[in-house]
Amino acid sequence: MTFRLKHYHAPNFNEARFQAAPEATLVPCPKDAVAPEGYHATSIFPEYFKIGGTWLLAAESRMDSVPVYEDGSVSIREFRRLKQGDLVVCGRTEDASEGIYVHTNGFDEPGAASDADSFAFRTGRSRETAFSRDYDELYELLRHEREHGYVVWVMGPAFTFNGFSRRAFARLIHNGYVDAVLAGNALATHDLEGALFHTALGQDIDTQENRPMGHYHHMDTINKARYYGSIRKLIEAEHIDNGIMHALETNHVPYVLAGSIRDDGPLPGVYRNAYEAQDAMRAHVSRATTVICMATTLHSIATGNMTPSFRVMPDGTVRQVYFYCVDIAEFAVNKLADRGSLASRGIVTNVQDFIAHVARGLDLDV
Amino acid sequence: MTFRLKHYHAPNFNEARFQAAPEATLVPCPKDAVAPEGYHATSIFPEYFKIGGTWLLAAESRMDSVPVYEDGSVSIREFRRLKQGDLVVCGRTEDASEGIYVHTNGFDEPGAASDADSFAFRTGRSRETAFSRDYDELYELLRHEREHGYVVWVMGPAFTFNGFSRRAFARLIHNGYVDAVLAGNALATHDLEGALFHTALGQDIDTQENRPMGHYHHMDTINKARYYGSIRKLIEAEHIDNGIMHALETNHVPYVLAGSIRDDGPLPGVYRNAYEAQDAMRAHVSRATTVICMATTLHSIATGNMTPSFRVMPDGTVRQVYFYCVDIAEFAVNKLADRGSLASRGIVTNVQDFIAHVARGLDLDV
Amino acid sequence: MTFRLKHYHAPNFNEARFQAAPEATLVPCPKDAVAPEGYHATSIFPEYFKIGGTWLLAAESRMDSVPVYEDGSVSIREFRRLKQGDLVVCGRTEDASEGIYVHTNGFDEPGAASDADSFAFRTGRSRETAFSRDYDELYELLRHEREHGYVVWVMGPAFTFNGFSRRAFARLIHNGYVDAVLAGNALATHDLEGALFHTALGQDIDTQENRPMGHYHHMDTINKARYYGSIRKLIEAEHIDNGIMHALETNHVPYVLAGSIRDDGPLPGVYRNAYEAQDAMRAHVSRATTVICMATTLHSIATGNMTPSFRVMPDGTVRQVYFYCVDIAEFAVNKLADRGSLASRGIVTNVQDFIAHVARGLDLDV
Amino acid sequence: MTFRLKHYHAPNFNEARFQAAPEATLVPCPKDAVAPEGYHATSIFPEYFKIGGTWLLAAESRMDSVPVYEDGSVSIREFRRLKQGDLVVCGRTEDASEGIYVHTNGFDEPGAASDADSFAFRTGRSRETAFSRDYDELYELLRHEREHGYVVWVMGPAFTFNGFSRRAFARLIHNGYVDAVLAGNALATHDLEGALFHTALGQDIDTQENRPMGHYHHMDTINKARYYGSIRKLIEAEHIDNGIMHALETNHVPYVLAGSIRDDGPLPGVYRNAYEAQDAMRAHVSRATTVICMATTLHSIATGNMTPSFRVMPDGTVRQVYFYCVDIAEFAVNKLADRGSLASRGIVTNVQDFIAHVARGLDLDV
């Protein structure tokens, strides 16, 4: 099997329905962070707006946000980022009749079954679903993306609890399969705890043995990092030479650590403001061609909310964005994976096993 | 059954081991937000520190924080709140040998089985555990607390998805069983959506029918609230007369809405900074005599982290703090409930059913 | 709300497609328990077969079985019950073109949305679904069925682990809401253990306390029952006056206890042969107008397999069969409830809470 | 790491408490399948009974059964297998004081931490537990057992839903790692469906695509097998050359297919009587040195009930029996794995991933 991206079929705007369509309605925001009544909210699909006689595609989209017209193009903004007077597209139809067109089947092969027909194929991922085809496709995809794409990994702390999976993910970073990591304070803390104490929450990451006074380890880790002033300085000062954070820093792979009310500490560099964290996350998601969410409901849903089904590449072509959600709970997987996009997949398993499979499937030596 | 609080047995500091104990070691913080090496970290139990010849109890405690001596008393602070020069108790023993004593069995009846012996009684809550005794005790407890305590409810949004449970919780508020609510943006949003549109996420909260354009409802709700400027003003302007937020505002019950990266909006009044939210939450938890966490892993763990097993009452007496965690997933319940305190309970069920039971058990008309 | 059964709309066999349809093909079985090649397998819907110029409805149906023509009517048989020479309907179309018609929408209101359109309404039951409407409808249904129907309850042992839910279900029996119970050895064993020792698996059913030597209780219970020779004799000899088995025996409500490889004992009266147990279960399911499966994957799936979506009543009318599946795991609920029938419902909760709600909703004094 | 069995330390029967102990009490059964009052019920540990002045070890044990003295030795029997007059050991103490000694720590290293101390190490397996050490030990164990042991695999049908895992398990059989398989009708049915139709429940086992009329495939499979008369004859007649059943038959590896009320068909050779199935299963479990239960609650609990923690080898030495339970649900894993034996392990993951890991860990080419 050789990986092949689907071709994007733009709407044919010469069709009568598009030609006859009215201009989209633009209404200024009445206040900062407040949309005008009747605003249009976006989906995960490519959306076109007829303005000045032209159908404009909003390039960097995301769902549940509003289209703002500015300087000849349409950008998609979260409500909180609106400014008084911003011109927002209003209208809640999607079929061009109000100058708004949501293009849900741009990646369908002409003559092939539509998304709707193949719906059954995607839904109802459970512990009994056969996932090996998904794995095989994922290996192909990642080899492709290493050369051509931007892969964002969204991670819960479980990886750091196990020496093997911690090493496996570090190998992925060292080998160029990771373009950005979105995570929380706990991932970084327990990974660094693993480097300093060979434990996670006080338990040996290889033997599972509880270490004496081990419950101090994560606090000591954070306290040291705060003493040095940054994760990078901690790594240097303590001569850390292994783990996920070390791999990220060494390879200059960017990461966003979003703070939460559950945090101890936090580590230096963790975002304190949830919405600034959202902005930092979306900066990576906007460039993403593949997003892989693993074992974190909070960060996965947050990322899923801001991930569209497509991306406009620098050369102007439109390609699919692949979205994976990996979790041991069907509830979490189906909540995320049920996005009505063919490029969205859920995998129900233990993420430690998942990452071990991926590392092996990519022939990395772990 | 009549509810009865357990008596607290303070340590007998006339015993030789306490008399012979050295003073606790106090070391100044080297920088802001950094503890000195060897700092002592707290547990959920009452802790005493020998300073100036006296064993001082830290009144408002929480786990994984540090004891700071100041003006003759010991206060328990999160690392991030430390200031350079603050005098922190150092030492990692708990048996008085370093002037630190952690009192784990202060609520045991003399001669009765210790906490350790009755451990099996509390662990392993599952779907097959018999919970009716827990319910009966909870009704008794809540009747007691209405007169004598401070009950903090920690809630995920599931309550608002169902008209009945939304009404049931509002009845609890109107009848004085709720002293504070800790929740997130989603709880308030979908509750207000219920008031404005009779839906949650676009689905009718009584009939489960999907409403046309229903996916706009939560965004419209937030947008209106932002237009008016606050939740209170939204309630007034739109003449909202039902639901949880209405009940909280009407009865002047305080609430903390902690923002997260998962949020749309957010609503006005939601905390943007995760650690300011922690501080606001702890202000209520410090007064709490009972904490009930329901159907939210994020907020429950956050609250559990800051809830001690005891509280020093205004009259100086020490009483147990009751801690409940209610969730449909054993994983979540056991993560929270396994705190080594007799006053901690896990209940594995659907929280909509839980709150209906509680409302009926308290003879509220729902 | 007053409960109302939907009207059944039989196909109009005067339509051309039915008139023009060929006779169904009948082929004799080549051996005992072996169907001819090309056999037709049944669904949960009413199915009609054109034989001798008449469209015959198979009255007592079930899925994944075969239609056998005999003495002017069609009966639906499990493969294992076929005899060499039995005349089996062959053909795998469902649209009358081979003389076979599967009537999937007989209960739709004319002009109303079809089953297919309302699909979204039924799927994806989760812990976050609003269930109070389902509860209300269930109370109405059960009041109706007490007078007019036949309610089969399928139960796992969890009810017996809790004094309250054990009493609640016994009240349902005493008040006429239970026409048959399908369960396993464990339900009966732990219910009788509750009567003899006030425990289930050695734990007090009210206080949850472990009793000394409590792990002997279930074995002692079974051993006593075997000594006396039957459950009825055990109840009499030991003067048992409470519990589920006592209520069933006292009210002459039939029950089927199907043995499994997981059993201790078993109790006298438990079916040793799995397929004889199936036959005994189907004898009740064939009469059922409502089936409620609770907290048992094994017995629920077994019952679901043999429950059609309709029943031909003694007066010849066709009515819906209501099917509920109640479990704390979405996986189990959705596996059962996803049957494509409007009268099928899944409820995700702890069954102890469920039965408490039902008892209260029916105004029973528990 | 080289695998090493623990040494068994038999009790020192020269100690005073054993010398002074009375003879065990033997009481005849009052009826067939009924134990005398006060019978002793067995545990998973080695148990010794003082009879005729000698402490006799019951060699083939299992829990919740009774010791019967016959012809100079003690055998452990299920209640249902007792005959009137059988001499049963009575007494419910375990410390030699009634001539009964339960030896719970025979595999502890002298001077090492006892089972009790290392309790924390074993409990609370969750999705967040680090399992790679368990995997490594399992690979070592299986290599050892291929030469020296008897490995019983207990399987749910999930393996057959995925082409890869179906092949992986077949490779394990072909390479000598499987001494017996305990499963149900569904495993065999869907494995053979995979061979005949390349589907499981109508879905392609490699591509997940639903095949037209695919819901007939499992019924057609069973019907064919019944036509031919046995699974072996089906494999021969249809020239099946792949899959689990093919591997078992080809390599003359015995298997037990226990029937259940959930079954379609069943296939020829499936046990209809649950207790005869238990006997057939125990015949393998009695020889087992390692038992691995995967993705089946029913068969896993059934097998767990009859698996002791030790085995007396043909040369008279006593060795540990390793017991693994692999499931995606913590509830299932902890129910099984919490057996108080150091050789018992739970792994929380998708079993398809598990078996792929095991096959690779054993360097099998899949």
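Order of writing sets the labels: A, B, C and D. Residues in every chain begin at 1.
Basically, contacts are C-beta pairs under 8 Å (C-beta built on N, C-alpha and C of every residue); 3 or more make two chains touch, one makes a residue touch a chain.
From a predicted model like this one, the values you see are computed outputs, not experimental measurements.
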Checklist outcome for this item: Label-sorted list of chains bordering both chain A and chain B is C, D
Checklist entry - Is the C-beta contact count larger for C-D or for A-C? => result C-D
Item to check | Interchain centroid distance [CA atoms averaged], chain A/chain C, Å | outcome: 44
Item to check | Rounded Å distance, chain C centre to chain D centre (Cα mean) | outcome: 31
Checklist entry - When you check chain B against every other chain, which residues touch at least two of them? => result 127, 329
Checklist outcome for this item: In the complex, chain D touches chain B at residues 124, 126-127, 330-331, 334, 338
Checklist outcome for this item: Note: in the complex, chain D contacts chain A through residues 120-121, 127-133, 158, 161-165, 200, 203, 205-210, 295, 328-329, 348-350, 352-354, 356-357, 360
Item to check | Touching residues on chain D, where the partner in the complex is chain C | outcome: 30-31, 33-35, 39, 41, 64, 78-80, 92, 213, 215-216, 219, 222-223, 226-227, 258-266, 272-275, 277-278, 281, 297-299, 301-302, 305, 329
